[in-house]
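Chain naming follows the written order as A, B, C and D, and within any one chain the residues start at number 1.
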Amino acid sequence: MAVSLRKARTIIRKTLEKGREMDLKPLSVVVLDAGGHVIAFEREDGAAPGRFPIAHGKAYGSVMLGMAGTAQMQRAEAQAYFMAAVNGVYGGQVVPVPGGILLRDRKGAVIGAVGVTGDTSDNDVVAGMAGIESVGLTGES
Amino acid sequence: MAVSLRKARTIIRKTLEKGREMDLKPLSVVVLDAGGHVIAFEREDGAAPGRFPIAHGKAYGSVMLGMAGTAQMQRAEAQAYFMAAVNGVYGGQVVPVPGGILLRDRKGAVIGAVGVTGDTSDNDVVAGMAGIESVGLTGES
Amino acid sequence: MAVSLRKARTIIRKTLEKGREMDLKPLSVVVLDAGGHVIAFEREDGAAPGRFPIAHGKAYGSVMLGMAGTAQMQRAEAQAYFMAAVNGVYGGQVVPVPGGILLRDRKGAVIGAVGVTGDTSDNDVVAGMAGIESVGLTGES
Amino acid sequence: MAVSLRKARTIIRKTLEKGREMDLKPLSVVVLDAGGHVIAFEREDGAAPGRFPIAHGKAYGSVMLGMAGTAQMQRAEAQAYFMAAVNGVYGGQVVPVPGGILLRDRKGAVIGAVGVTGDTSDNDVVAGMAGIESVGLTGES
């Protein structure tokens, strides 16, 4: 099962709605496919200009490693040089903190990832999970 | 005048609609701000996975050089090594063909760019211009 | 409101004057626009040759993240691997220490950043703030 | 003999003055030292945001190869793949067209370079040479 553009759009829209509901700072949200390639992205007005690479880095590392942001952060805290090396081998495109959320189908296969950035990493996750649940998918943060 | 997320979304949606109306291949569309940073992006179902960097490269070169895709292509045809060098100084992020469309405000200042890819470069432009006109802006292709 | 070349020049000149008044080591100062692009830069005689990338990295990270140098340093001290990853996603162009100073307009929107390097980070900030205040802007260090 | 900041500033100021006198598009001017490192840079209001890397690329290639922009262009026209390779080995930082001007001392030793961009390459050179002559140096374009 692939993530359609229609679903990606809804994930983004509902993540942003949740952010406004929680009164978070302006969010930026990316949805990647199973190959780590961008399907859709939106940056809310007022967000810093460099938010795409951060959102992308959270989601990209998640897909490429098959490991969501929280697990990457634990690995980074235990072994910082390993995640620094991972950042290097993936061309500098990995941000190992919560907000990178894996999308899995019913059999558990990774079908993509969502990257959320703008508020605290924990709040980013809450908003992203709301977006993912709105399309009937299960996120792994 | 900055391009709002609301306007960027509409530009993308109307560009995709125009593409379907013209029966084009699946399109991908990015909107960048005046500093060349991503505001929004969408890739239609069925498009090749690597469409983000192509759409981005068309729009990014346009903003950074202040020169739309058609003018870049003319320069590349006259002096290929110059556009190759430009690609180098901008970190490999320039695709000098039509489909990179500058957005200008009423005084002529560049306020961002749209990048469209998926069909022929000429068709990409037609679709993108329809999207841009739908929000009352003027595109320079 | 954009930072004009005239203002950027004055910020640099007054920062260097303050440095000489405080008897600091030779300073280097860059001014970036709201998209993180260079408006002006000067390196004083006697400064090490590699000062441009340091000054630029302080200011560039500030604009891209919407977070000044002191806040970046605190984040780096709390979570070093996060700022290392951020450096990666921004192409190695982030130096997360004081001396990266955000420029805001009266409504609080980021309109650019100043990067100062050459003496201690704290002295760099004092000199840069003097330069910024000389043009009637408010710096966030 | 090193190029002082005072001289670099004057070169830039006089290049910009010449550009206004000739009614050129907004110019951007960089001055590099004998090691290819930035001493000073200015971008006129209204210039495209990506002008620093172009100005820098013209001057950097000149210093690194000891060959000014016109000679680099001739080499690129004769053997495009060679200049593409040079761009690669210097990290993508070479723009082989006129506007990269070598600075030499009285004995002929390279002491730095000036990079000018914004109008046609030929006009960029005319403005840059005026700037260089204003400080009593000889440019090789």
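By our rule, a contact is a pair of C-beta atoms (placed from the backbone, for glycine too) under 8 Å apart; a residue touches a chain by one contact, two chains touch by 3 or more.
Keep in mind that what you see is a predicted model, and the values were worked out from it rather than measured.
Counted by C-beta pairs in contact, the busier of B-C and C-D is C-D. Rounded to whole angstrom units, the spacing between the C-alpha centres of subunit C and subunit D is 25. Averaging C-alpha coordinates per chain places the centre of subunit A 30 Å away from that of subunit C. Subunit B and subunit C have Cα centroids separated by 31 Å. Those residues of subunit B in touch with two or more other chains are numbered 33-37, 91.
Taken as a graph of touching chains, this assembly fits none of the simple shapes: it is neither a line, a ring, a star nor a complete graph. Every pair of chains meeting the touch criterion is listed here: A-B, A-C, B-C, B-D, C-D.
Within the complex formed with subunit B, the subunit C residues making contact are 33-37, 91.
The residues of subunit D lying in touch with subunit B in their complex are 47-50, 53-54, 56-57, 76-77, 80, 83-84, 87-88, 92-97.
The part of subunit A that touches subunit B in the complex is made up of residues 2, 4-5, 8-9, 33, 35, 37-45, 49-52. Listing the residues of subunit B that touch subunit D in their complex gives 34-36, 63-67, 79-82, 84-92, 110.
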